[in-house]
Structure formats: C-alpha cells, structure tokens
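When the chains are written out, they are named A, B, C, D and E in that same order, and each has its own residue count from 1.
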Amino acid sequence: MSEKKEKEFVLETNHLGIDFGGLTAVDEFNIGIGKTEIMGLIGPNGAGKTTIFNLLTKVYEPTRGNIILDGKDTHGMNPAAVNQAGIARTFQNIRLFDKLSVEDNVKIGLHNHINYGLFTGVFRLPKYWSEEKKAHEKALELLDIFGMADQADVRADSLPYGAQRRLEIVRALATGPKILLLDEPAAGMNPSETEELMKNIKKIRDDFGIAVMLIEHDMKLVMGICENIAVLNFGKVIAKGSPSEIQSNPQVIEAYLGTKKENA
Amino acid sequence: GNTESGSTAAANPDAGETEEAAAETEEVTETEEGEEAEAPETSEGGALTGTLNVGCIGPMTGGAAIYGNAVQNGAKIAVDEINALGSDFQMTLNVQDDEHDAQKSVNCYNTLKDSDTQVIVGTVTTAPCIAVGEEAYNDRMFMLTPSASSTDVTADKDNVFQLCFADPNQGSASAQYIYDNQLATKVAVIYNNADAYSSGIYQTFKAKADELGLDIVSETTFTDDTANDFSVQVGQAKDAGADLIFLPIYYTPASLILGQAYDMGYTPKFFGVDGMDGILTLEGFDTSKAEGVILLTPFSADAEDAATQSFVGKYNDQFGETPSQFAADGYDCPYAIYKALKFYADKNGGLDVTGMSYDEICEILISVFTDPDFSVDGITGQGMVWDANGEVNKAPKAVVITNGVYVGM
Amino acid sequence: MSETMLKVDDLNVYYGSIHAIKGISFEVKSGEIVTLIGANGAGKSTTLNTIGGLLKAKSGTIEFEGRNIGGTPAHKVVKEGMALCPEGRRIFQQLTVKENLEMGAFTRNKAEADETIEQVYEQFPRLKERVKQVAGTLSGGEQQMLAMGRALMSKPKLMMLDEPSMGLAPILVDQIFDIIVKLNKAGTTILLVEQNAQMALSIANRAYVLETGKIVNHGTGEELLHDDSVRQAYLGG
Amino acid sequence: MLTNLFNGIGLGSVYAIIALGYTMVYGIAKMLNFAHGDVIMVGGYASYCTMMYLGWPPAAALLFSMAICTVLGVLVERLAYKPLRNASNLAVLITAIGVSYFLQNAALLIWSSNPKVFPNIFNMPFFQGVTASAASVSADAAAADTASSGVFSVKQRGTLITIVVNLIIMAGLTLFTSKTKMGKAMRAVSEDRGAATLMGINVNRTISMTFAIGSGLAAIAGVLLCATYPNLVPTTGSMPGIKAFVAAVFGGIGSIPGAMIGGILLGVIEITARALVPTVPSDIFVFAVLIIVLLVKPSGLFGKTVREKV
Amino acid sequence: MNNKSKNAFLNYGLVIVFFVVFQALLSTGNISSLLKGLLVPMTAYMILAISLNLVVGISGELSLGHAGFMSIGAFTAAFVEGVILNNIKMEGPLSKNLGVQILIFVISVIVAAVFAAIAGFLIGIPVLRLNGDYLAIVTLAFGEIIKNIFNCIYISIDETGVHISDKNPSLDASFAGKMILEGPQGSVIKKVSIFAAGIILLLLVLIIVQNLVNSKAGRAIMAMRDNRIAAESSGLPIKKYKLMAFTISAAIAGAGGALFALNSTGITPKQFDFNASILILVFVVLGGIGNMTGSMIAAALLYILPEMLRELDVQKYRMLIYAVLLIAVMLITNNEKIRALAGRVFKKKDKVSVKPEAGKEA
C-alpha cells in the first residue's frame, strides 16, 4: 500500500474481486500503475489474470472493490464507456472483426475520433469525405508501427495468426487509450517475432506515452520489458516487484516458473 | 330490393321452371339438328357458337385450398357437361391458384389475361376477389364469383356479379329466421375475426339481432391460427346459458366446435350459414354430433331433384367426395354464363364468341345479367336473378340435419 | 524403434484453391517421439488434421501400421488406434470435465474407460478437482490438460498433439512435456507439432521442419537443435 | 377460472409434446427444423389411413406412423440437410422451409385439401380404464369441471393422457441425453462436430439418430394433436409447429423440461387471454407475454445464461 | 475507386439496366400482362430484401417478422391515400391525375417509413437485450401481433375525420364515410405507384444502405456482428447502433410496403404473415447474406419464378416444384465442390471452412 502513494497512478484498484457462483476467481486485487509504466501480470493458468482484465474493462462487473482510472471511479460504466475513458485491451483468444478489412478494424478503434453523424454518412456530405480521409491516414500510420500498412485491404481473418495479434494491438491503440491491456500478446509467435514485439511494445509506450499492462507466459518477454510484475495465484497476488525480485522469489518459482530454465 | 325480388321468385316458381325446362329441351333438339345438318353457322336465329375461354381463380394450395378445389371441381364438371351438349359452343377452363393472397390473385388474373381468357369465374375468396375486381373493372373483364360473398366484392363495380348470397343477406336472414321461428331466447355467436366472410356475417347478424331484440349473451372469436381449441368459446356460451349458438363460419372449424360441445355434454341448437354446408361429408366425421344443426344453405347434396342428383353422382365418381356448396357454386357459374350468352344469342340472332375481346363479352354479359327477364335455375337456387349491383337474389333454404341428412324446415 | 507405424507419402492438401501441403513425406516409427516444427501457417496443423481424417488429401498416401488410411473418416481413424489432440483444444464447452473425458473413450467400453480415467486423474490432479465443472469455464491451461486427458482416454497407439504448450504457464509447459515423455515411455508413439521448438526438439527422437507446406529439413532432435538455420529461424538465434 | 386453467393445460400439453420433439432436433442438430410441424402432419395422416382404411387398432397405427415418420425424418436429413453440414445456419433454415413446403404440397396432392376427421382414440375402452383409475388421484380437478362427477370427459381424458405421455417423453429424453453414451455423444456433436469426430463419434449417424428420435416423437405428437383437435389437413402441422417453436424458446432453447413447461404455459396464456378478452385474437396476448418474458429473462425460462468466456 | 464503391456502382447500374430494359418492353407493349403486373411488386420485394439484408447480413441478427414492418408501411399508405383522396378535389379518375398520384406516392412513402421506423425502434428495444434465436422469436412474435391487430381494427374516414374502431362501421345503415381498413378484409386501394417511381425508390434505398455500410455507423454495425465483446471494448455504444440498424431497416421495409400497397388494388393483413417474412428471408439467404446485389437478383427471380410456372403446364405441381427448386438451389449453392470451383474461377478467397471456427477458442 505504501508504494501506491509515492507515484501518480493512471490506474488503481482497491480490493477488487469477483466470484463465479461459488468460485472466487479474483480477490483483494490492489494495484497501481504509473502513467508510462509497463507492468506484467503473470501466474499459473487459471489464476485469474484474464479475469482481472475483464474486470478492468467491465466485461464482467466486479463483485467487490473499485477501479480508479485517472482519478475517476469507473463504477457504473459499461465496456464502451471504460474504453472511452481510456482503457483499451486485446484478447487472449483473438477477437477481430473477421469479415472487415484490416483498415476497417483499425477504423473501428478510431470510431470515437471520427466526427460525423448518420445523416452526413448516408448522404456523403463534404464532412464525410474529409473525416474519412483523416481516418484513413491515421489508420495507415498506426498500422505502420507493425509494418502492416500494405495489408490494409486484406480481410482480417485471412491474416496469419501473428499478424492478427498485432492487428488487435493496433486496434486497441487506435482508441487513444491511457493504458493498454495486452492479454498474451506473444502467444503463438516464434522467438524472432516475439523479439520484434518486445521492441514495439516499448516503442508504443515511448511514442504514445501510455501505460501498458500485459499478461504473458513467455518469460523472456516479461522479464525483458516489464518494470514491475505482479504474480497471481488462485486469484490472489502472491508477489509484486521488479523482474529480478520475482525471478528469485521461491513462492513464484514453486507456483509458476518451475525449476527448469529453458524459458528464461 | 331483396324481399321484393325474392317474392317474385317465390310467387312465380313454376313459370321459371317450365320456361327453363322448355329451353333445355329446345336446346337438345336444336343441337341434334345442327349435328345432323352439319351447318351450324347458318342455322336459324339464336345459335350460340364458338369457343369461350373461361378463367377460374381460387386457392388451390395453402390453408384455404379446400374451397378453391371444390369450386374448380364443380366448374370442371359443368364445363364438361356444356361441352358435351354437342352444340357448336365450347368452353375452355383455365384454373389459377392464388393461395388466398390478394397480390397473387392479381397475378393469376394477369396470367389469364395473357392466355386470352374472356370471362372470369372467381375469385373464390373475398379479399382477393376485391383486388381482382378492381383490376377487372378497369380492364372491363366480366367476373362471376361463385363464393366471394362480401358486398364489397360487387360494390361500385358493374362488371362483377355474385352467385352466392351476399354476407348481409345471410347475417340478417339468419337473425330473422331465428327470431321468426323463435328458435332461441339466448344466443351465442362464435366467429372468425381473421376472416372477412365470417366477421361480415357476424356483424350484420348482430345488427339485425339487436334490431329484433334477440338476446345475444356471448360473442367469442377465433382466428385461422387458433382454430383448434374452442373450449373457451363453447364454455362461455354454456356458462351464459345460451340455447342456440350461431356459427357464421366454415364447416371445418364448426366440426371441431360441435365435437367439443358434445364432449362437454352441452347440447344447444346450432345455427350455421352456407359455409357450414359440407359438414356431413367430412371424412370420418361422426354425423351424430351434427344432429339438429340448422343451416341456411342454397345447396344440399341430398336434394332429390335430378340436377343435383346427377351433379352429386358425377362429382363422387370423379373426385371421390360428396360435393360441398362451394362445388355447387362452382358448377352453377359456367352454366350461368353459358345461359346468359345463349339468352343474348337468342335475342340478337346468334353470337359467335370465338376471338371476341373480353370487354365485348363483358358488356354483353352485363346487359344480360341485369336484364330482368334473365334468370337461371341452378343447383344452388331456382330462378336466380341479379340486381344492378351484381348481387344475386335467390331464396336461402333453411335445413336441419336429421339422422345425418338435411331436411327442409 | 523398429517398424514404421505411420508413413506419409507425397501428401498434397488444398483448401479450395490454396495449396497448403505440397507433397510432403515423412514417417513415424513405433515408440518414437517425432516433432514437426515450423512457423505460423507452415501447414503443421493441416498435416495433422489430414492424418486424423478431418481433412481430405488431394493426393498421396497415409499408411498406419501398414494399412492405407487415406480418406478414412476421422471417427474410424480413432478406432485404428490414433488420437488427435487438436489445436485450440476443442473441448466440449457445455459438457462437464467428466463428460468430456468420457467422450474421449467413446470407442471403448465402460470398464476400460473407468480404468483409464483414473490414470488420467493421476496425470492431471487439477482435472479431478474439477470433475463437475462445465468445461467452458476452465482457464486456458486447464482446458489444455482436459484436451490431452480426453485424447488419452482412447488409449491410442499413436497420439498426435497440436501445439499442446500454447498459452501455458512455464511450469505447466514443463509438466506437459514431462507428460509427453512419460506417455511415450509407457509405449505411446507421439507425433508432436510445436511452436516451442526448443522444448519439442529436446524431447524428440526425430524432427521435420516445415516451411510453407514443404519439408525443408529433418534429422534427430539433437541435430536440429544445433543446426544453424534452425536456430536462426525457430530458436531465436 | 379453474376450467380455463384446465383447458389451457389441455391445449398446452399438445404444444408441449410437439415442442419436445422440436427441442430435441433444435438442441442437438442446432437447426430450426421448420419442417417438424409437417412431419407431425404426415404422422397424423399415416395413422389416420391405417386406422380408417385398413382398420388397424390405434396402437398399431401409432407404431406404424412412428416408423413412417422416423424413416421420413432420416431420409429428409440425409437428402436435404446432410449436404449442408458446413453451410451457414440460415442456408439450412431455408432448406427446412423448402422441405416444409414440399411435404405440405405433397400431402395436398395425395390426400387433397379436404379435412379428415381423426377418430377419437381417447374414447377407447383402454384409455377409459386407465384414466378412470387416475381419476381418484386428481379428483378435485375433475369434480370442478364435469357434471357427472368423478368421470372424466373425453377431452380431459385426452389432456391427462397427453400430459402423461409428455412426462414419459421428458423423463426419457432427459435420461437419454444425460446418461446414455449415445445421448452424450449427441450433446458433444451439438457443440463441436469436428472434435466429436476425433472422439470416434460418427457425426452423421448421430445426427441421423437425432432426427430419427425427433421424428418418431413427431408421430406421437401428430396422433395426440389430431386426437385432441381432430381436423386433419395438409397444413395441420404448421401453426402448432410454430407455436411449439415459440414454446421451446419460451422454455429455454435445448432445455427439455423447458420445452414442456413452455408449451403448457403457452396453452394456458392462450386460453386465459381468450376467456378474458374474447373478441381480440388471443395470439396478440400470447406473443406479447412471450416478448415480455424474454425481456425479463433473455434466455427463456429454463435457459442457461451461458456467460461467454472472454 | 476501391472495391466497395465499385460494387455499389455496379448495383446502381444493375437497377438502371433493369429499369431501361423493362421500360422499353413496357412502352413497346412487348410484355405480358402477368410480367407487367409483377414489375412493381418485384421492385418492392427487392427493397424488402435489401432492408432485411441490413438486419441479417450487416448487423447479423435473424429477423423472422419483417413482413410486419412491410404491413405497417402498406396500411399506412392505404391510410394516407384515403385521407388525401378524401380531402382533395380532383377532375376525373385518379389514373388521369399524375400530380395527385405523385403527391400520394411521396407522402405515403415518407409517412409509411416513419411509422415503420417507430415500430422498428420499439421492437428494437428488446432486440438490445436478446440475441440469436431468442431475438428471432421476438421478431416472429412481433409480426404475428401486427397481423392480428390489423385483423381486428376498422378505420373509416368521413367529413368529421378519421375513426378507428373494433367494429365495422360500414355495416351501420347510417354510415356515410369511406372505409380505409376493414379488418380481415383489408384495404381497397386506388392504384398509384408506377414502375419508375418504384425504381427511384429502389435506387434511393440502395444509396442509403450502401452509403450507410461504408460509413462510420455501418462499420460499427458490422463490427458488432463480427464480435460484440470486442466492439464494446473498442468503445462502440452498441445499443445505439443495434437500434439504428433495426430502425433504418424497418423504415425501408415500410417504404417498400407502401410501394407494394400503392401498386395493388387491395391488401389484406393475411398477406403479411409469417410466410411472407420467410419469403423475404429466402431472398436474402439465396442472394448471399450481406450481398445486396444478390438480394436484389434473388428477390426478382424468386418472386417471379412461381408465377412463371403458371404459364407452363404444371399448375398442379407448381408449389411442389417451387419447393424442390428451393431445396436444390440451396444444396447446389452450398456444395463445397461447386464453391471451390467457383472460387477458382472468380479467384475469390472463399474460406472453405473445414477447420471449424472453434479452433480459435480459449
């Protein structure tokens, strides 16, 4: 608790928890993330990591506790409102708009930054053209971060797996978040792709000046870019600290890392 | 005008019959002569020659198929009979299925127009008939509907004629009949409020009953979609102590109502209208449940006259069923048209209908049908005459079902 | 390591007009662990699905224990003694854990199934805790365990695993590979498809490298682990 | 009021029995089989013809029509639905509608549009005996309704029989899908056909089996429907089919008890509405209540609210 | 020009060609009465197919009650026409007064669209809470309710104004007004709409729908269809867009219904029953879900097919043939081999999904 007061947090949770029927999936989750911090969330399968993301983005309504985003309690907000308030995310099982083009996927992210109404859109008034042009340029610019601008017209579901993961990040970024939640962004990527991804996450943080919270099982990635790491087990935080602290924490080794070293 | 012409018909029944009988014999001899002489073209004064293309529209598939098919079958028999008379006049019959849908009915009508149809027998059901009637009115095509009974069918259209009673006649006649014969003190009504025919009769019945001071104690409804369970309707009639249930509906749901009342041990009088006819011929129906049902009908398959007997016999042979009133209406229509054309030919020194345009035929038929001297004896009525509105005048017969057969009242 | 259990020869598979597998040949000998590695979209899953009978090959032969099983529908392939643990788990989300496992033993009788289920619970104690839970609400790792457990329920001679370590915590990845080795020791032949080339190669007897539908390299696990091109491409240098 | 309730249950039990067969196919083959109502109609005709033309006893006629419907169901599935295994749900829906049109029009050609009045099988000595003994059990309901106290009217006897058959089928289906291997296989197939195949389940045979059972149940439903409301025409099955579909959704898709309760509730609402507001079509109320219930409980009365795992 | 706008212009071209061809046939008299009578209803059904495709294809919800919106539009048109004819002095019959016809047509279509939109909005509210088959059943229920309501109301007009009742006033001897809606008997209509007006309406609808799909709102609607949770998490107010799709679709259906009604001489509530809703759905599915060109072509062909069968010598088997054709077309268009072939011919990356989507789960 003491560390919380020292920094200014973009996102803070207090006593956050949720039950599914009898199962307490998350309990007493207290955390604070700095404005441009990259934080890792790790833990065994089923520990409740994804559930925390779902709570933060209001896909699930918390059973208890509160979430403070940039000083504002998100109580009563729905997922769309939370997103507009500044939290964007990706999903563990990719959720793209399959039948839309890559560019349109990004434009959905930009939705709330495109300013014209239904009437303008249906009758294609001048504002439609100018705003669409702006959106188009912005989308390409964002796609370029991952070098995907040349695939703008491809249907999202025909992208290779790794590219789909990257597109999800771009889409989330397009919503103009203050904090980006990434759920296993490197899953299904090979080591060189993962390395590329690490660089890009850092770049995004630096260029956009936003916080990043990520769930990942790839320890190379987690240890490589996270400034702070929280370890979850059975819905509760069992350890918090810098990568080196976590790596040597016996509780974490026992519950999560195991003794073999290949992954490090 | 109803009662007036009704009384003329009643006052002069013999005259009509003998006249018709005479015409019939004359016709037969005439054609025989024609055949022998093999010179029909130049035969004396009143020959009707040529081929008339008759179109028929009605529901042959879907929920109302039963009515369309009955009309079609009846009309076929009539056309075959007319063609077999051996005269130089022939009829073709082109039947189109409208599925009881107004738009499709208009499509049928257009199809018939494309295939050189000259007169329409139809349509069988009311709502499509109104739609087609409008088209036919604009085109000047003559229509004789066997069974579309709403007054709206003929209203404002001089080219559309009905062979069946119009709904108001039936509704008010029923109320009058019940009142005159003191059949009941408390009356219940069950009608179909998704059906123009049924709700039309109901409303005129109701108006007349109120006027006469008949006590209607229960009014309940159903729709085609809920024409299964009548426990509520029958139950309410029973609870209200009705001693007569008026059923201005078709016989199919009526048979269910009879059955369900029977099961309840409730035995009021049942009073039906022409749509009730057919109930005795329902395959598998226990006619004892219909014992005592009274209905107003222009046709009864049990009538003893030769024409009905012959029709019923042929119908049974060809279609394996006893004909309903719809079949009889369908049967009478081609005859009415045939007789009208013959009437014209007689008066005007012959008529060759081959290739005549439908509007020419239309004008001829309108003039004949509105001619006070023209009347038709059919199996659905003797001495049928038409008023300028296109409504038919014929006397409804009240019959009561006794031991599974109609008995005149 | 004696006779050949599975032999694939000149296999060609299409998705509509997309030529996904371009004439690959390989074999798996009885008792081996063989792994197919390759980048996303190389055709690894397609290969397994074709062997398992889910997809139809355009040409080529697949022989299992000397019998041609090409074109045999998937449900019959299972009876031959082959089990496929598919990519993405594909557990029955609405069924309970126990029912999922029972489905795995569909081709066997109840007594046999009951025996095997205990063995599976031993391998995956977590599943035993959750027997009554509806499978759809399990976490990713739990679902993977269930998928493997389910495949084991048919007591297959050849088990084909499609990326079993995907999305698993490091400790579980270790466990899964341990289990694979244990299964193999207990007599099950394994055909393993993995992105985690490092781990896969370290337990495999032999390995094939797949690139855009073609086999570009093969050798023992050890050889490939030290092969430069393989290190470059799949092991992160 | 009690009378209306009883009448409502009478109508509802018929909907329920159709809904049970519907739910079976619906829950497992994951398709809206709009031809289900027409299979019921075929069942009605099959038993009618054997009873009336061949003079078979009702039990034999029922078995025969079950056989006919089973064969018909499997045949339709094989010819029309199986080739669409990988097509969109809507494509299958439209095909089912095509099958429905086909059956109706074929029946029209074979049996004509003239109604056939179904014999009253509830009136047979066997059922009289059965229900007379049941009479003592629920004597109060009977006493409230029949003048000749203690003895059931034919209609009530029909209702009782229908409900008993409902309960038997419901219990049977529940046991079948939760306990037997084939039943579980059906559930597996309903969820993921590919994965089911990998288990060694013959997906095609399982789906055929589903149709066989569903259509066999349709035959039973057809006989009970026609025995209760004895007018048999080619369109006999369509409206009850739609109502049963509504009932199945009302109760919660795929839920077997839900289908039965949904059916009975639907009947009760329909009859009550008719009694309270006799001149307004009762379907207005039936469907309005349905909408309201779904608003309060978006997955039907017994439907599981499956929270999508994110 | 990108692919999407190419497609849009293709559709406009298609409609115009359709118009020019038939208009030429009409003015040279080389057309059968049947086909002539079918032109406007066909156009109306094309509009309805587009409207339903907006719901089924673009927003991804199944609607089984679209004929309900159509009937609202149709009866509204009958009503508007009745009111206008009652309040306007006109020389000669309506068919000679083009000005009055245009007036009736324009006002009817607009009012019909507004009324249907209101109904769409109301029914859209439950839509927000439901999905899949539950939604389908609510739309079905809605269609049935509408049909039954029209079945038991009577609207008449006289110099004192419009009267709505549950009894038929025209049976009263003293009744001096004009019936607009007569319960199950429906409405008698003086024909006004002409082919050209229908085509203009169709073009307008196409422009609205295609522009919508390619605008911000359309993208949002499609995003919801593809993945609701992701759409929500990307900041889309999904309620607003679901409602928008439903309301616009209803408005278009209402306009289509008005066109249909004004071209007929009479309409009845029964015409707009469940089967009518299904018919529209058949057009959409057969034409390809989400494919506007397909919807239009399927609507045109399938609407005239059963009518064309009339002219052949198969009357009795007409509906049987229709049913068999329907099944056959579904089987053929969904046949994997034929699709693969088509894919190769048209070089489309059509996913022949052997690998079920569940592969991505968990």
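The rule is simple: a contact is a pair of C-beta atoms (placed from the backbone, for glycine too) under 8 Å apart; a residue touches a chain by one contact, two chains touch by 3 or more.
From a predicted model like this one, the values you see are computed outputs, not experimental measurements.
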Message: Hopping along touching chains only, can you work out the least number of steps from chain B to chain E?
response: 1
Task: Report the chain whose mean Cα position is at the greatest distance from that of chain D.
output: A
Query: Out of A-C and B-D, which chain pair has the most contact pairs?
result: B-D
Task: Taking each chain's centre as the mean of its C-alpha atoms, give the chain farthest from chain E.
output: C
Centroid distance [mean C-alpha coordinates] between chain D and chain A, Å: 49
Task: State, to the nearest whole Å, the distance from the C-alpha centre of chain C to the C-alpha centre of chain E.
output: 51
Task: Express in whole angstrom the distance between the two chain centres, defined as the mean CA positions of chain C and chain D.
output: 44
Task: Please report how many Å separate the Cα centroid of chain A from that of chain B, as a whole number.
output: 76
- prompt: Can you list the residues of chain E that touch 2 or more other chains?
  reply: 144, 148, 151-152, 229, 316, 319, 349, 351-352, 354-356, 358, 360-362
Field: Multi-partner residues of chain D (each touching 2 or more other chains)
entry: 105, 192, 194-195, 279-281, 283, 309-310
Statement: Among chain A residues, those touching two or more other chains are 50, 59, 91-92
Query: Contact residues on chain B for chain D in the complex?
result: 61-63, 65-66, 69, 193-194, 218-226, 228-229, 231-233, 235-236, 252-253, 255-256, 259-260, 263-265, 282-286, 321
- line: Counting only contacts in the complex, chain D reaches chain E at residues 32, 80, 83-84, 86-88, 90-91, 93-95, 97-102, 105-106, 109, 192-195, 242, 245-246, 249-250, 253, 279-281, 283-284, 287-288, 290-291, 294-295, 298-300, 303, 308-310
- line: Interface with chain D, chain E side, in the complex: residues 56, 62, 126, 129-130, 133-134, 136-138, 140-142, 144-145, 148-149, 151-152, 166, 229, 274, 278, 281-282, 284-286, 289, 316-317, 319-320, 322-324, 326-327, 330-331, 333-336, 352-356, 358, 362
Message: Please output the residues of chain B touching chain E within their complex, sorted ascending.
response: 60-61, 95-97, 100-104, 106-111, 113-115, 126-128, 130-135, 138, 150, 152, 168, 193-196, 199-200, 203-204, 207, 223, 225
Statement: Per the touch rule above, chain A residues touching chain C in the complex are 20, 42-47, 50, 92, 160-162, 184, 187-192, 194-195, 217, 219-220, 255-258, 260, 262-263
